[in-house]
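So that you can tell them apart, the chains are marked A, B, C, D, E and F in the order they are listed, and the count of residues begins at 1 in each.
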Amino acid sequence: MIIVIRIIANSLFNSVGNIMELKTFKHGIHPEYYKELTQDLATVPMPLPKQIIIPLQQHIGVPCQPAVQVKDEVRVGDIVGNSEAFVSSPVHTSMSGVVKKVEPYPHPGGAMVNSVIIEANEQDQSFPPKKEQREAASYSAEDIRTAVRKAGLVGLGGAGFPTHVKLTPPKDKPIDTVVINAAECEPYLTSDHRMILEQPEEVIYGTQLIMKAVGAKKGYIGIEANKPNALEILRPLLSAADQIELLALEVKYPQGAEKMLIKAAVNREVPAGGLPMDVGVNVNNVTGAVAVAKAVRDGLPVLERIVTVTGKGIREPKNVLVRVGTPIKEVIEFCGGFTPSARKIILGGPMMGIAQTTLDVPVIKATGGILILTDEEISELKPHTCIHCGKCVHACPMGLIPSKLGALVERELYEKLPEYNVNDCMECGCCVYVCPAKRPMVHWIKVGKAVLRSRKK
Amino acid sequence: MNVTKQMVLVLTVVGVISSLLMAASDTLTRPLIEQHKREELQQAIFEVLPEAKECERDGGQECKNIGTDELRVYKGLNAANEIAGYAFVAEGPGFQGTIQMMIGISPDLSQLFSMKVLAQVETPGLGARIAEETDKKDFFEQFAGLQAQGMDSVSAGSQKYQGQPTTAEIPNFIQSVKNETPDEPNEIQAITGATISSKAVVSIINQSLFKLRQIIQ
Amino acid sequence: MAEKAVQQTTGIPFLHELKRGVWLENPVFRQILGTCPTLAVTNTVKNSLGIGLATSFVLITSSLIVSLIRKLVPGQVRIATFTVIIAAFVTIADQFLAAMFPAISKSLGPFVPLIVVNCIILGRHEAFASKNPVKASLVDAIVMSCGFITTVVCLGIVRELLGSGSILGIQILGEWFKPWVVMILPAGAFLSLGIGLGLMNHLARKKA
Amino acid sequence: MKYLTIFISASVVNNFVLSYFLGICPFIGVSNKIDSAIGMGMAVTFVMSLTACISWLINHFVLIGLNLPFLEYAAFILVIASLVQLVEMFIKKTAPALYQALGIYLPLITTNCAILGLALLGVLREYTLVENLFFGVGAGVGFTLALIIMAGIREELELADVPVSLQGAGITLITAGLLALSFMGFAGII
Amino acid sequence: MTTIILAILSMGGMCALLSFLLAGADKKLRVEQDPRVEKVLAALPGVNCGGCGFPGCSAFAEHVVAGDARINGCAPGGQATAEKIAAIMGVEVGSMEKQVAVVLCHGGTKEAARSAVYNGVKTCRAAMFIGGGGKLCYYGCMGYGDCVTVCPFDAIAMNDNLLPVVDPQKCTACGKCVEACPRHLIELHPINHTMFVFCKSQDKGPAVKKACSVGCIACRVCVKNSPIENGIVMNGNLASIDHAICPPSDIVVEKCPMKTIQIVKYDLK
Amino acid sequence: MEEQLFVISSAPHVNSEETIPKIMYTVVLALIPAMLCAVIFFGFRAVLLIATCVIACVLTEYVFQRTRKKDVTITDGSAIITGILLALVLPPKLSLLSAVLGSVVAIALGKQVFGGLGHNIFNPALVGRAFLQATYPVAMTTWVKPFFYVGSPDAISTATPLALMKFESQATAYWKLLIGYSGGCLGETSALALLLGGAYLLYKECIEWRIPAAYLGTVFILGSVFWLADSSKYPDPIFQLFAGGLMLGAWFMATDMVTSPVTPLGCWIFGIGVGIMVIIIRLFGGLPEGVMYSILMMNAITPLLNRYTKPKVFGSRKGGE
């Protein structure tokens, strides 16, 4: 019932939004969203697991070296892996216990990654209490960066780029704008949405801290128009002095991709092959902003996160507060287990998430969702030849010709790929989604990029 | 021998010998070839001028062109060595390319005797039927005995095929009709499915007749 | 190939060479040479024969000469020399046809002179006659000519049969058959040669 | 207007490759990549312009002037072949970049029937020198056009599932046939 | 008669003039280049057909010498020309010992355990991105046959067990498959190397056992039974044969508990 | 649980509902009004021709795919469309044997030699028609009056509105053009039925709107220019739009996705090019109608259009990187 009302409210809001001219970018797609499965379910904390697996690489960059040995005893928040390299981020244990093993273990990314396996013990498993909130302006940029690095913050929007690196803009690329990415354009996922609803003050506080850290004068929080209650809850918390603006974004995938978000928010185009800082913008995920707030104020590392467990393949879809390192098997069991037709386990959303072969993999910092698809939802891959319908060309937000890219890789004509700008593809999947011939362009593009990379070497 | 000398020598010798051969062969064949040409022309003239037995000669050898370079005209003579009619070569654009015809006309320029297509590149089975002999009545046979006076002088300006402009001054000496049987003595029936070629033939003849009259009179 | 062929002409039967010219190294289908006349004048069998024989005449005679003088010609004037020789023979053939067979000469149109630049001829000269003794060159020219004639005549048969229902002007297909005009047009030429080439490759691959 | 007509007729309506069957061998050989098609096309256009002028001069001053019509073929091909060879040597020495772009195609062209065809047709049609030049350039442009179109198609066909036996020359000829079918639409324009 | 004289004069004149020009140009404008180009060019038929994909024979010759054209790329020339070019280029075919590609994995569908149903692009390269194509072993053959497609000589085929099999007769050791295999399972070996460890897994024994019934579990039995000292050594978790010193040994094969080590028999005519 | 293997594949893990057969059958549906008009005006003959072409096309595709040992995809509907469209562009009185020949050529030479659906360069139905036009030029230009099957047997032959205009300078009334009461190919006569089908396709997003927009727009504008320049010599633009095969071509044939560009700019150029070509052929060529040839010619340069009209890459400055 509530869902029905929600949908009606949403569509009403959407039409209002249309009149207000929602901000957006060109092209993109409108997939089914299925957010109603979990968007109104308050986050529930999960009971502590017996054993956690902390992969020593949960970020883009240099992997960590183990900082503990087998049989060491660790306490919640202890660093278990670290690296001297700048583009890297320490990992912490999210539970107190004893190190059982340090060995390669299945990772959500698909490979085997060196991981620290910790068995919980009787020690205190709670986090340090919340500290007094200081004015964001009272921190120095350096303080914020140090705190963020120490807390092992990485981009929580999925990519997992170390946050302290992003908060250290080079001198010649001054940042004037911070955009907080709360678009959550991936279908099904609602963890960012819940985060805003449940901790709105932290969102604002985190935004202020990030603005301070990069020296930006202006902040935006971009939210897709299908989350009206998130917009409502944030609006009263903002004062004019904050220089933070709420943006209602058109509901369109991939609104949350940073280049698209920047285009929508400040109408700047990140140059091909460039980064947001090239146009003076810093983009951070909303859950990441909250994490920044907690890291700076409380010194709290990323020990737990909200994970949306959803899809037709799960008995009880939920938003769960999970400790990093928890095997997804336990999360799934907490949500009532699979329905009989469950066939595909995806970490992340349906458009960009990664299908898993095993339930042993742990939840990591950037895991925003566990999606379980059923037999009926997964189509047998039988790609037809491209019929040149051009739908993928119209869908591609990056202005590429996905049909050509796919066909070139299929015929192994890799040397022609650069002419078609293969490296500008962000693998958003819009092209594959719309393709009537069901061609797996993204998969081919991944192969093509890899081949080009290996040839360059 | 140095290379330069060798190059010059070899090429020159080869050139000299081959030109010698060609010239020799030319000397042998040229009379024959010219004879073929003459015969061909003569044959065509006699074919379109049924009564002609002889033509006005040019120094006793070739049929003499009494027209211009643009419109070649030959005078046919009958057994009594009287004028049996004129044969002229009409040429102009058809559907695909140039159509060239030999046409025989009575001495007073009022009646066509016959028409023979010398060259054309129309579509086989379609436009090419202006020249083809078929089991049905041949297109070109219609020209035998056709009046070439023009029954009315409606302008030919509405014809839309391309190429040579059919200026309004040129009267419709002969005309083509489509999908009906011709009922005037200066009308012929167009080939079904090849109206363009048919009209082109008619228009070329009209233009040539126009010039012919200027030459003869 | 060259050395081998020399041995073969003396030892191995001519049939083997013939197979090379007609099938293994067929100038049109295998080497894609001389396609222009193959396409342009194969609309009737008669024309095909005409162009085939004329080309063969030039190929054989000029191969003979080229092979004879091969040691004398320096590299830089090779092409010029060869073309002059070929042109001479073509001119003679052309004059001969015009004098003796005016009808054929007329229907072959401008393609007799173009034998001068028919890639087969210069190709065989460069590839073979200019490097081999007279006898071997003659054999090569003869078998290549056979290959060319066979190909154009086959194509001529197909095109004339489908395009006019006749072969050598003799009506073969009955009244019921409405000729496919397209076969005697440029498009039909391309299509039939393309399909012919496909069939040929198919057969060759099956054999292999 | 007359020049324009000659140009359009030679380049589109009576395209050398598609309706006169001239220069088919290089048309099949060098149409597999657009880049080489463009290079070849420009080289052909250049040689055709050159040929148009030279053949006219030879025709008027040697063949007609001295009444030696039977030397037509030999004289044309001799002069064209040698001059192209000279030009090739010249740009190879003086402009290596241009040579890489154009010159490498020159040897392919000397002995190509489109060139001689052009010279002979020009004589047959009794063009003036300027008309002949337009005819030559038009024919060259037409050749280039056909070559580039075919190259575009063949690059696309690299991605296609053409039966093995037809790959290469076979499918190129069939495509040329279909192109010739569609160029029939121009019939009667000029 | 005048015609003949005129013809001779004009033709001879033109020939003389042009050959003079050409000769002059040849002297003045000659461009130095690799002498092998000339030689290759001389070996080519000179048809300038463009069929090789290069614009003309001289271009083809240059590319052959530069090493980026196939030696047998000239269709009109055929096999004989190819042989001549090979001789000029010094590609000595006979003098080198024949090598053959060897696929170092025996974990086909029957032997290797599956981890998932792979529903992606059916090439090994693509499967590498998606859970290794659904086999539990992270090191073994994925069975989508990139090596088969890439072989220009049809020397590799997939068997029923979805393992690639090399036909030693057809294999020319061109190395295309070695490059193609994303798991680096294929190596070129002289035909006198016959005993191989058909596994590349670096996993520890128990993990290998779970993943595959013919994988190397690092039990060191082969090392102990090595016919010669250090003929077989452990390289991490994998046995490694030093072909330079270690002859094939039936005992080793027999003793290997997983039947990972095998001797191949080349049947060459 | 443990025993069952999960499915793995690359992202994205969800797809839209659209499939090739769905698109194809939508087009078949959109062709129904035109087919109905054909049957009304030309009677049972129309049914026969359409059925013959469809069956011949589907059979040819089946045989070809079987001999090549490829998956047989005759149920995807593309061969059916080719058959219907080929039938719709044939003269009503064409013999069924000729129709079969056209269908075989359409599928074999127009589609399968290139590798089948998606790989063909030229529009197969038009390849079939162009082949027939060149093969049987007379039969392909022999027209009958609508309702010939109820009238008296004589005087049934007629000319198409365009031929009447070109060769006799006779105009045809607009209402006749709209409902299709004129001579012509089976399915081209009724502009209204075709517009209906086109609108449905637009609504279903099965066709790229830019192509018919550019095509019809160009014909209208160029037609107007010539008409305004000399209305005694050139027909008016409305006539240009509704006469001949333009509507059928613009909505159903130029829009064939396989043979038209994929890029938006390419589609504009394609449409404009076809439009210019039609006007040139109609006004200056030897033929009264040029829709077929214009589309085939632009098909030929579609690969070039795709190559040279790549969309602007997001974030690229002028002229790419």
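Everything that follows uses one rule, which is that contacts are C-beta pairs under 8 Å (C-beta built on N, C-alpha and C of every residue); 3 or more make two chains touch, one makes a residue touch a chain.
Going by UniProt, the chains are A = Ion-translocating oxidoreductase complex subunit C; B = Ion-translocating oxidoreductase complex subunit G; C = Electron transport complex, RnfABCDGE type, E subunit; D = Ion-translocating oxidoreductase complex subunit A; E = Ion-translocating oxidoreductase complex subunit B; F = Ion-translocating oxidoreductase complex subunit D.
Predicted, not measured: the structure shown is a model, and the values here were computed from it.
**Q** Go through the assembly and pull out the chains touching chain B as well as chain D.
**A** Intersection of chain B and chain D contact lists gives C, E, F.
**Q** Per the definition at the top, count C-beta pairs in contact and tell me whether C-D or A-E has more.
**A** Of C-D and A-E, more C-beta pairs in contact link C-D.
**Q** When the C-alpha atoms of chain E and chain F are each averaged to a single point, how far apart are the two points in Å?
**A** 48
**Q** In angstrom, rounded to a whole number, how far apart do the mean CA points of chain B and chain C lie?
**A** 34
**Q** Take the average of all CA coordinates in chain A, do the same for chain B, and state the distance between these two points in whole angstrom.
**A** 84
**Q** Could you grab the centroid distance between chain B and chain F? Build each centroid from C-alpha atoms only and quote it in angstrom.
**A** Each chain's C-alpha centroid was found; their separation is 42 Å.
**Q** Going through chain F residue by residue, note those that touch at least 2 other chains and give them in order.
**A** 5-10, 109, 113, 115-116, 119, 131, 134, 137, 284-286, 306
**Q** Where in chain A do residues touch at least two different other chains?
**A** 355-357, 378, 381, 385, 410, 440, 443, 446
**Q** Counting only residues that touch at least 2 other chains, which ones in chain C make the list?
**A** 32-33, 76-77, 80, 84, 87-88, 91, 95, 119, 122, 181-182, 185, 187-188, 191, 198
**Q** Tell me, which parts of chain C touch chain B in their complex?
**A** That would be residues 69, 72-74, 76-77, 80-81, 84-85, 87-88, 91-92, 95-96, 98-100, 102, 163, 179, 181, 184-185 of chain C.
**Q** Over in the complex, which chain E residues touch chain D? Could you list them?
**A** By the definition above, chain E touches chain D via 3, 6-7, 10-11, 14-15, 18-19, 21-22, 25-26, 28-31, 48-51, 53, 55-59.
**Q** Considering the complex alone, what residue numbers of chain D touch chain E?
**A** It is residues 25-26, 28-30, 32, 36, 39-40, 62, 66-68, 70-71, 74-75, 78-79, 82-83, 85-86, 89-90, 92-93, 104-105, 107-108, 111 of chain D that touch chain E.
**Q** Applying the document's contact rule, which stretches of chain D touch chain A when the two form their complex?
**A** 158-159, 161
**Q** Please name which positions on chain C make contact with chain F in the complex.
**A** The touching residues are 178, 180-183, 185, 187-188, 191, 198.
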